[in-house]
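First comes the structure, then the notes that go with it.
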Amino acid sequence: MASYIVRRLGGALIVVFGISVVTFLLVYAIPSDPARMIAGQKASPQVISQIRHNLGLDQPLLLQYLHYVGNLLHGNFGVSYIYNQSVAVLISQRIGPTLLLALGCWIAELVIGIPLGIYTARRARKKSDYIVSALALVGISLPVYWLGLLLLYWLGYKLPIFPLGGSGGIQSLILPSLTYGITGAAYYTRLLKASMLEVMGQDYVRTARAKGASERRVIWRHVVRNALIPVVTFGGIDIGYLLTGVVLIENTFNWNGLGVLSYEAIPQSDIPVIMGTVLLTALVVVVFTLIVDVIYAFVDPRIRYS
Amino acid sequence: MSEPLLRVNQLKKSFPIRRGILQRVVGQVQAVNGISFTLNKGETLGVVGESGCGKSTMGRSILRLIEPTSGSIEFDKQDILKLPKYQLQVIRRQMQIVFQDPYASLNPRFSVEEILSSPLEIHKLYTPKERSIKARQLLERVGLDPDYAGRYPHEFSGGQRQRIGIARALALNPKLMILDEPVAALDVSVQSQVLNLLIDLQAEFELAYIFIAHDLSVVRHISDRVLVLYLGKMSEMADVESLFSEPLHPYTQALMSAVPIPDPDIKRERILLQGDIPNPANPPSGCPFHTRCPQATAHCSQVVPEWKEVKQNHYVACHLYE
Amino acid sequence: GCSSQSTSTSATASNTTSNKPVEGGNILMDTVSNFKDLDPALSYDTTSYEAVGEMYDQLVTYDKNTTNLKPMLAESYTVSSDGLTYTFKIRQGVKFWNGDPVTAQSFVDEFQRVLDPKVASPGEGFIDPIVKGSTEYNKGTSKTISGITTPDANTLVIQLTKPQPFFLEVLAMPFFSAVDQAYITKVGNKSFDSNTAMGSGPFQLDSYDTNQMVLKKNTSYWMKDKDGNQLPYLDKITMRINKNGQLDALNFQQGKTAIIGNLFGSAGIPSASYPKFLSDPNLKKTVYSQAQNTVNYLGLNSKIAPFDNPKVRQAIEYAINKKKILQLLNDRGQVANQPLPPGVEGYVKDLAADSQYSYDPQKAKQLLQEAGIKSGTQITLYSYNEPDTMKISQSIQNDLNAVGFDTKVNSTDWNTFLTVNEKGDTQGVFTLAWIEDFPDASDFLNTLFNSNQQPANNSSMYTNKQVDEWLNKAQNDPNKQERMDLYKQATEQIMKDAPWVPLYYPVTTYAAQTWVHGFYISPVLPDPLQYIWIDKDKSQN
Amino acid sequence: MEPLLDVRDLQIEFEIDEQYYRAVQNVSFQIKQGQTLGLVGESGCGKSVTSLSIMRLLQESANITGEVRLNGTDLVSLSEPEMRKIRGDEISMIFQEPMTSLNPVHKIGVQIIESLILHSNIAPKQARAKAIELLKIVGIPRAEQIVDDYPHQLSGGMRQRVMIAMAMACNPRLLIADEPTTALDVTIQAQILDLMRKLAKENDMSILLITHDLGVVAEMCDYVVVMYAGEIVEQGTVRQIFKNPKHPYTIGLLNSIPKMTGLKTRLTPIQGNVPSLRNMPEGCRFAQRCPHATDVCKKQPNHIQIEPEHTAKCWLHA
Amino acid sequence: MIDVQPITSSVVIVPKAKPPLRKRAWKSFRTFPMIYIGSAIVLILFVFAVFSPWIAPHPYAKQFSDGITANGMPTSPNHKFIWGADALGRDVFSRVIYGSRVSLEVGILASVINLVIGVTLGLISGYFGGIVDTIIMRVTDTVLAFPFLIFNMALVAILSPSITNVFIAIGILGWGVMTRVVRGQVLSLKEFDYVQAERALGASNSRILFKVILPNVIGPVIVLSMLNVGLNILTEAGLSYLGIGIQPPTPSWGNMINEGLQAYQYAPWILWYPGIALLLSVLGFNLLGDGLRDILDPHNVTH
């Protein structure tokens, strides 16, 4: 197991390396000049070239990349041009809130999506199935920022039930999670429904019925447990995706996390921050896929014991 | 005796076993472990054995649908394992395979005509028009209405599908057909139709068959010689009469006695084997059958029995006959 | 000093009645961007300005919402008659938060930091090569700045290479604050990253994290109000980093924050919310507005065809409907007819007729025809992603198309826009604004139109020898009237040559709750937090 | 003697595209206490549907009419909760695919005692002991360990034994075995059949054995019901059917089995294919394939009594 | 024991008379309502996109002087501007109609790019396996782990914003899932006997890939592409919303929403209508995709 994980992480490193190269090239191709951003609109050209020199931006690209990687190997992510702080510190401050938000969003998706999945699977091809499925689809068809603003406006401002954004505690977590939950639940609903329908046609479900198990018992003990297996896979990929994809939510809800950090870094050409966040999220995505594999083994004994 | 059409020598195939989420190679399955035999023109070799004993692997290896690990396969005096891939095409016109599952072996998206003309198309034989005529002739040959040519596989019953599969194999006028449990999925009433067809075709085209099955009565019905496999190894091979009248290997004996006979009056002494087939990934030492053999001795668990011709044309690998 | 056009419209009675200020209380504010630098030598963005302004003191500063200078840490100052020597008497007994005393050396240290290439301060250009010895120090050929001396602990003497009429305004910038060298030496290089600070200002840094910066009262601040009360009044200010300005405005509307001010990227009330503030009588009472010394303009690059043809540029002057632009901005501004905003001395009230343009699409078409521009000529308008700018660009696009151009808008993020803009060779037409650094005509006219400022600030690549001559002369001319005349001549010539379409001079609108007192909008400085006091029961957080 | 199971006039219809197709019609047979009844016929003739309808495990869209009496109680008219009490308790069932009939995520032991838990209030400790006991009864070695294994860790034969153990948990009066050995190798099949025979004898249990292997029927059953295209064409004791088959279909079936004679002769197959539900011929359903078909076969034949306990549905014997 | 039983019925099949067409249509609608509603929406969307100039009452870029009030407020819905005017005095209704063009163009073209790359790589990777597979899957992993938004922002900044660049950006980063799906399909198809049969007949790799395997993966690919169109429309809107997408005055629902958000407190209609249009179109493609999935699902096919 350990060696496997090491190997997988090795694969992950290749991925992360690929990403680092692409990002680096990409960021350098952007015409905007970080030194100008640091100096401000009105600083003189001398100051700017001084800053470029101080940052090493006047060196050849390859050298800069090697330098970056060299620093990386020493655990040094560099210093943000914009925040004037170590990228490691910036990220470590924000990864917590982002993880919290991602978790909240994920739980909301599950809490909405899974019961709907079970419901629609049990009423497959009935009117209620179509209505609920269509509603779930409406959810994924909504732009998250659009829904987010409407919810904020109506539930935060007009009826001040929830705080108007901010990265505070559980209170301010509810609305963004709900927003994301609504726009993401249908993926789970759809997946779980398909997987439940498949499981319900399995022989062992018939076996359970033949033992005299009630419908409720059949669904919960025999169907749902098995049907959740593909959902788990998706869940892991989804939470990885969530980490990279919370930008819009973070922006809409004033949540100071990694998403906003990286999102703002691009137009400001804050290369160390871009590189740091991109590499980190990529790593997190890969790690989550790995975690899923491990969780998978717990859900599915066929994998655990072979 | 005429020159053998096919000469298989020490054929071996092992699969790596990958396990779990780790997908690590945890061992090797010796799916086929040293099989040698010859097959003459127009002859049928029945291959029997329990599930997982390597019958299909053997069949597919002969066609090089699976790359064998070692051994040699001489077909028409050419070692096909040494042929470069592009020359395989030529060989493949002469060897064909019919699969067990008539539902999985036909492309659901092709009409019957397309299925039957595709071998000709692949080998660039005939014009499209001629191919279509040829396809109809093939249908007729296997006892189906040529008007069915435009239909799709799902519109046919299992038996009919199996006929289509056979027709496809026939399209290139092969000399050898490997029949991998061609009737296992069919009902008895249909099974007999297909068996009859196969027998007729063999007579007509001088086909050689390797007939893989686990139903002994079918094998007995169609084969000239029978090869019994156990855990990837040959345990017994003989002419069909000799084998069925006087099975030598305790495994063959058990196998035969286990076949239920559709006659309530025949009450047989049954050899009930203990336990299950061992895991092929972890085969027993010595004689692979010793774990279940009612006559096993300590010797059997240590020494691999030799493959010996005990009687004329009757080979067995068992310590009882040394 | 000059005539400032401050139009503070404070509405409520309680706001204006001179109730006795109340000591104590906390307020909450939102900011739409991060605090980048708490180092006075580096901070050059509005958000950092807000914090740095509260944490550091300078030699001189501006009085209330005017552009008049008054002494600050310099108790008094004198300027020699040749305008080359400035002598400051430093206030005694002033201490940094850690108790270290503020002396004349505290300023010398900062001048050295600004000139140090390792610090790479954006303020460097404001004193190099004006201050004697600055270039040598910057190049490393001298260990001290020869032009800055401290005859005694409380006297600071600065000598210039040539007279600069707006040098005091430069010194009012936070680049030139008093800093504590002992602290800097102790903490080392990173002493002034965005997490730490050490100043002598009214508020000191309490904490700073991803979500907020908290400033707390410097209890031993030296400044007193006119009644002799110790400043500042407030105990604590919490500035929450909430980047969605629209939400922040909603927060203010709910009464959860005290002020919408400088922290909103100095733009104040987000334009998404401004109409709401206008239409809601309760909110209207909270609005403050102030004309800015800023000009928004449409740059026409005279090196790029077809804008290299003066006729085309003039045609565009006639083509743009500036009133419409202001209408789109809900009238938060004033139509511009020249680069200088009215709040800066040198603004030409009686501009010559041939330097004036009015909205006249017919005339524009005619001029274009004369210039041989075919209808449907494709041009690209360069702009940046900011909601109001986007609106304005589209209005301009509309106007340009109306006179026969086929205009594409290319809008990118601000920094990309700026980087490309400063190359000077790609953007034919672009929208841009110039915000004053200090209220002097030179900061506009010389910086933006002198050909020696190409391509960075003079990114419309305007070149006119005559104008250069005038501007260079005015740059060091101690005679005010003469200077103003030069600027007038330059302005009129520039407008004739039409390298720009001056669009409007914006008015910023800030908001402060009715229970916030003492709030005003300085045209130059950040929010006057040290003068603010609040009703007793309104303390937040 | 009162039969244990009495199926009368069973009729099963499925709705496909808003049309009803009758998959099974006029099926009547009885199983006595301790008897093993073989239900044979070609694929699709309605064997599984019949057995599932006895258990009332067909989906809702299936329309069942007729009577199914277990010890005199009509199962068709029972409420769902009442029926649930019968399933797994009085009637148990095992299926063809031991590989897929066990839930992959639950341990063997848990699955075996599930019916015990559902039908009695047994303590968990006892239940586990009982599971081990049951595993021993069906001849599984190392029962104490296997009880905590997952299905995929067992071979096919073992799994089928587990299925049997599961079915035996509540000592059912009737065991329905739907092709219990089709997926198994002959040597394993022999073991399983042997086990079933032994258990039936020990517990005086009846078995409804569904298969299409006539050999298995001949070895296992007391009584045989032959189905064709949804109908019973012939039924009788095992000797009557094998020694004196009367229906041309039964005869055809028996003839098409390759005999172990070893002669490479042509077999005598039944011509043609089973008609599909959608275009079922009127009258005798076998007529199309019957070598003896005449015009009269266009009408439905009746069940004709040949001997006691032996009927055939054919005009030949009318 | 068994008596000769009376024959109860000689008619075995009891089909009801074939229902009239109207009823059959309703019936199939009842079975697959999703696909019908979805196709209807998509069809309407196409009509809007193709016939925008005829449907829209006003030019999309025209800034009406009566579209904004004297103090710069957008005009609320009235008989001239049925969905109101936007902040520049343009007709929201006309802009929403024209906006369908961008959405469709980007949604579909980006999906086509996804499809072409995804299917090609998936086929190659799944069929040939080995080192090729490893490399392609690593690249796919990289693409899947790559932050989409950052890539898009960077690319658009480099290439300058335009419709073409937007769908290229979305297209070349969105194929990861497609590749995975196709590869999975190919891996399982490869083992099918009918593919083996082709090989046994001596068929070349290209024949097997394109004639045998490709047609069999087309089903899931179509479904995924439909869902992808919806997703890509949303992504385009997201990019435009962030200001890095379609350039004004070309209306895209994303930039309209962006403008609408700016005016929500005083002119909510600017946000509502493009939002609803976006929602409905994405929903349309989702319903279509889901419906197709239902139809193509072998469980639902009754032969």
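In this document, chain identifiers A, B, C, D and E correspond to the written order of the chains, with residue numbering beginning at 1 in each.
The rule is short, and it goes like this: contacts are C-beta pairs under 8 Å (C-beta built on N, C-alpha and C of every residue); 3 or more make two chains touch, one makes a residue touch a chain.
Given the structure is predicted, the values throughout are model-derived calculations rather than measurements.
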| item | value |
| --- | --- |
| Shared chain contacts [chain D and chain E, defined touch] | A, B |
| Most central chain, judged by mean C-alpha position against the global CA mean | A |
| Contact-richer chain pair (by C-beta pairs counted) among A-C and B-E | A-C |
| Centroid spacing, where centroids are CA-atom means, of chain A and chain B in whole angstrom | 52 |
| Length of the line joining the C-alpha centres of chain C and chain D, rounded to whole Å | 91 |
| Inter-centroid spacing, chain E versus chain A (mean Cα positions, whole Å) | 22 |
| Contacts with 2+ other chains: residues of chain C | 385, 412-413, 416 |
| Junction residues of chain B, two or more chains touched | none |
| Multi-chain contact sites of chain A, meaning residues that touch two or more partners | 30-32, 153, 266-267, 306 |
| Residues of chain D that touch chain B when the two form their complex | 42-43, 155-158, 185-191, 193-194, 212-219, 238-239, 242-243, 252-264, 266-271, 273-274 |
| Chain C contact footprint on chain A (complex, rising order) | 30-34, 36-47, 50-51, 54, 82-85, 93-94, 97, 152-153, 156-157, 160, 164-168, 251-254, 256, 260, 264, 266-269 |
| Residues on chain D engaged by chain A in the complex (per definition of touch) | 55, 57, 81, 84-89, 92-93, 95, 97, 100-106, 114-115, 118-119, 149-150, 152-153, 163, 166 |
| Residues of chain E defined as touching chain A within the complex | 31, 33-34, 37, 138-139, 141-142, 144-151, 153-155, 157-158, 230, 234, 237-238, 241-242, 254, 257, 261, 264, 271, 275, 278-280, 282-283, 286-287, 290, 299 |
| Partner chain C, residues of chain E touching it in the complex | 61, 63, 68, 70-73, 87-88, 157, 160-161, 243-244, 247-249, 259, 261-266 |
